[in-house]
Amino acid sequence: MIEQPKMVKIYDIIDETPNVKTFFFEYAGQYEPGQFIMVWVPLNDEKPFTISYIDGNVAGITVLKRGEFTKTLHTKKKGDQIGIRGPYGMGYGLPENNAATCIVGGGIGMASIACLADMQKNTTIIQGARTMPELLFQHRFREMKLCTDDGSFGYRGTTVDLLRELTGQHNYKKIYACGPEKMLYKIFELCNERHIDCEVSIERYIKCGFGICGQCDCSGQRICIDGPVFNAEALGKMPDFGKTAITKSGRRVSF
Amino acid sequence: MIEQPKMVKIYDIIDETPNVKTFFFEYAGQYEPGQFIMVWVPLNDEKPFTISYIDGNVAGITVLKRGEFTKTLHTKKKGDQIGIRGPYGMGYGLPENNAATCIVGGGIGMASIACLADMQKNTTIIQGARTMPELLFQHRFREMKLCTDDGSFGYRGTTVDLLRELTGQHNYKKIYACGPEKMLYKIFELCNERHIDCEVSIERYIKCGFGICGQCDCSGQRICIDGPVFNAEALGKMPDFGKTAITKSGRRVSF
Amino acid sequence: MTEVTLSINLCSMRLSNPTVLASGILGTTKTLLKRVAESGAGAVTIKSVSKDSREGHHNPTVITYEAGMLNAVGYSNPGVEAARIEYSNLNEIGVPVIASIIGTCTDDFIEVAEGLSASGFSAIEIPLSCPHTPGFGLLSGQGTPKATYEITYAVRRKTNVPIFVKISPNVPEITSIAKAAEDAGANGITAVNSMGPGMVINIESKKPVLGFKVGGVTGDALRPIAVRCVYDVYQAVKIPIIGVGGISTGRHAIEMMMAGASAVGIGTGVYTRGINVFSKVCAEMKQWMIENGYNTINELVGVAHD
Amino acid sequence: MTEVTLSINLCSMRLSNPTVLASGILGTTKTLLKRVAESGAGAVTIKSVSKDSREGHHNPTVITYEAGMLNAVGYSNPGVEAARIEYSNLNEIGVPVIASIIGTCTDDFIEVAEGLSASGFSAIEIPLSCPHTPGFGLLSGQGTPKATYEITYAVRRKTNVPIFVKISPNVPEITSIAKAAEDAGANGITAVNSMGPGMVINIESKKPVLGFKVGGVTGDALRPIAVRCVYDVYQAVKIPIIGVGGISTGRHAIEMMMAGASAVGIGTGVYTRGINVFSKVCAEMKQWMIENGYNTINELVGVAHD
């Protein structure tokens, strides 16, 4: 694990959508799908991103422009440097015996499940986005089931609606999901109802990334080190899941 | 290596002579003959002593009552604790192919060469003391050649005189010596003259024991870490050997 | 063999063992306090609370290095009103909970102390010693005997729960500050806060790593300094000391107690040995006590002074 | 590719590289200074010399611990007369030799400076910052701006060689002390001396390990504090800085120089990496410079401030 930020050179950038870019850099560390790294822009800030591509000594992060820091990241050009440390956290557990699974990504949550999808043969990928231009990785995963809120492409409706239909038809042994917490919560409920195992990756505000500052709490679980991926059993003991989160200043807010 | 003093219980004490005692304690560390440990009496002081016995998990130091600290050590009883750290320094190199050697101990210098003598079959041990009651380890090494300055026992004369005679008769491949520096210097000269390899253990005032404080200098060599054992080649480049030493306060004094 | 016990009485608080979660580590929510209590801590301290909410410094706010950790979180906290709601029904935690209150002026301290007074905190800790947050602690002159006296005295008049004043290792007159706190009515001293500040520069980018550039140094680097501070303070005051700084093993805890601490705070140790550092330290202390013939942990307090 | 050079000019001294043997480490004899020069140091500093000879504290005087080292040698030295004899014909060392002079009062400093004036020292260092020797440094009030000014000024009037004032990391007003030294005519600042003091207790014997009980903390534990001190001093004064504290690798040295040091002192590193730490650090610096496109080491000084 890299403890202090290590500067790496961005050697390629892909524009995934108007608001999402993927940055590639050299990375020789360990990595399990679902883990994240802290990305540092000196004198600016440092925030968490999942590794969304990994291939040999190259890794990538896929970044949605959301606020100040991600806007700054989007100005970075090939050859610029960023600092990285990590990887941190507990990733997704792979299914046993290549059992059938379904992987659900909502919005930029696709970044978190992308490497997981790369590693599975017998899986269905569902991607949800608000509208067609926001759909990600359509060349990377050719067989995705796509949903848009506005019906501009694919299934009209939420990923949860589609997942409900598909779980009726297939015998999924496990559901993986990353995306807005309301979506995750509904998937968790669905899985409980249908007695399917599930693992979801949760987002909370991250500062240290290694379990000391207490910023990323969700019901006594530290997202950064006990998570970000939790299974159904753990989620069942986390009443704050889907309900409340802690802001940067430590205030508890509802979803 | 033990970096900070570790308290060990004295479980046996032998009165070797009226002024010399051997203290035994549990010791599980590494050790090469010629290395030394720092012995700590809390709130009092800490000084260097060679390990003079080693057998399984038991080690011993043989201490001559000389001043304040060794006087304090001599008051220690069975069951009392002392602190030890180390071992430090470079010990004696063993001869190749069990070649014939001669080991010379002068006074308390016997403590330094005792374990070396234990490890060699084909060796002659010469011990020198001022007078008979000061002779050490007579039961431990039954075949020693003993010399006393006053002729009260054994050979009348110095160890160097005896060594000169013996080197004429035997084909020693190596001479080892520890004792007063004047004696060591004469042995070094004798060995050079006769083209015999030699290793001698030098004494200087020791503070840190690990090469940082500069207290134990002899011609740019730190006795504590570059020595205390040096061979003829190294000694040849140490003009201070046999000539000057540095006191506790850093003053250079002549022998 | 008689039973070995780690339990202590600390200013009318009963602790099952002398390990205390230090302020600013995992104390952001009630649920994390509970988790730490379940991980074996004898008492827990909340992250420091100010009158108004604060976002703190930019990230990185905490980084590790070879000999410890640097942090400049910048006192992010939701402010006293939100904190009152977060830290309610504290008896559910199962161990004593210590409030940590901060302010930029004496009135702030009073307002925060009063705001939290109905929450069931077992004690109040007043850190006057943060080395990296403008407006607070050392950066606002709170680390002097005079300011220490004033702030402690003001809070003392408003509360009956035990007060601990948390002091800095960076001041030349540490004992006069501890004495000022005692004179003003503090029931205990927490020694020490993080030291420095220090700086780590990333040489490839040529920039300080921490968002605030500098941050307090904690962990192994701090331990010998903290032990000396506790040793000095123990000779200067009669009130008990919570010794904090670099403790991550039972041996460290015993060393700190021998220097004069009645209890030990643990922060960076949560990183180096995981959240169960509390139960690990306790198990190691017990083991050592058994091997060395001690029955109660109190017997160790201050023995290095004999 | 152009040749990479580590050579620097430091207050009219020409150094083949910026590593300097710190005072008190191996500087007890001329022969050891020579050995260190042969081990690659760009300059060497002698162990501090006082007017009269001193035996120093009882052993243990130096101990290591997980994050560095503690020492309380207690300024053992043979006194200025004997030192004058020991350190003669200094041109034989092959690199600049810096005298380190200490005193319990201003007159002492003058007497020592004058006693050594004919010996061919390239500079004089005045440590006003030792945290563990009664009568000297912090324990005799020399670590204030006023005392710093007075002592520096008095020595300045007696000598023409460059003067470096060595300051402590333990003082709140480090920049005012550096400025006082500059105002009094110092040509450079050496930052920093050991910090604390700290204490290590052996728990089995229940006693502090060091003979003097407490000692200055050095090595990794000190590095971030030292880097911050150099960073602050660099902004406060115009004279060059020798950055000292926890340097044992080329990366550490570069970090210190980026903070503002023109040269780097090495002490504890002699233990952690052996006496060849100087050439190792230089090789590592060179390697990094080649990889990162620097030709001269000067380019790195203070760049973390941009």
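So that you can tell them apart, the chains are marked A, B, C and D in the order they are listed, and the count of residues begins at 1 in each.
By definition in this document, a contact is a pair of C-beta atoms (placed from the backbone, for glycine too) under 8 Å apart; a residue touches a chain by one contact, two chains touch by 3 or more.
Model, not experiment: these values are computed from the prediction.
Asker: Over the chains that touch one another, what is the least number of steps taking chain B to chain C?
Answerer: 2
Asker: Which other chains touch chain A while also touching chain C?
Answerer: Under the touch definition, chain A and chain C have no mutual neighbours whatsoever.
Asker: Please report how many Å separate the Cα centroid of chain A from that of chain B, as a whole number.
Answerer: Distance between chain centres, rounded to whole Å: 68 Å.
Asker: For chain A versus chain D, what separation do you get between their C-alpha means, in angstrom?
Answerer: 51
Asker: Using mean CA coordinates as chain centres, what's the gap between chain C and chain D in Å?
Answerer: 34
Asker: Using mean CA coordinates as chain centres, what's the gap between chain B and chain D in Å?
Answerer: Here chain B and chain D have centroids separated by 36 Å.
Asker: Counting only residues that touch at least two other chains, what does the list for chain B look like?
Answerer: Residues of chain B touching two or more partner chains: there are none.
Asker: Which parts of chain D, given as residue numbers and ranges, touch two or more other chains?
Answerer: In chain D, residues 65, 200, 204, 207 touch at least two other chains, as defined above.
Asker: Take each protein chain as a node, join two nodes whenever their chains touch, and name the resulting shape: line, ring, star, complete or other.
Answerer: Chain contacts: open path, no cycle.
Asker: Where do chains touch, given as pairs?
Answerer: Chain-chain contacts present: A-C, B-D, C-D.
Asker: Give the list of chain C residues in touch with chain A in this complex.
Answerer: The touching residues are 24-29, 31-32, 34-35, 47, 53-56, 58-65, 69, 71, 73, 76-79, 82-83, 85-86, 200, 202, 204-205, 207, 209, 211, 267-268, 270-271, 274-275.
Asker: Can you check the complex and tell me which residues of chain A touch chain C?
Answerer: Its residues touching chain C are 3-7, 38, 40, 42-47, 81, 83, 207-208, 210-215, 217, 219-222, 240, 246-252.
Asker: Quick one: which bits of chain D touch chain C in the complex? Just the residue numbers, please.
Answerer: Those residues of chain D that touch chain C are 65-68, 70, 138, 170-172, 195-201, 203-204, 206-208, 214, 217, 219-225, 227-228, 231, 246, 251, 254-255, 258-259, 288, 292, 303-304, 306.
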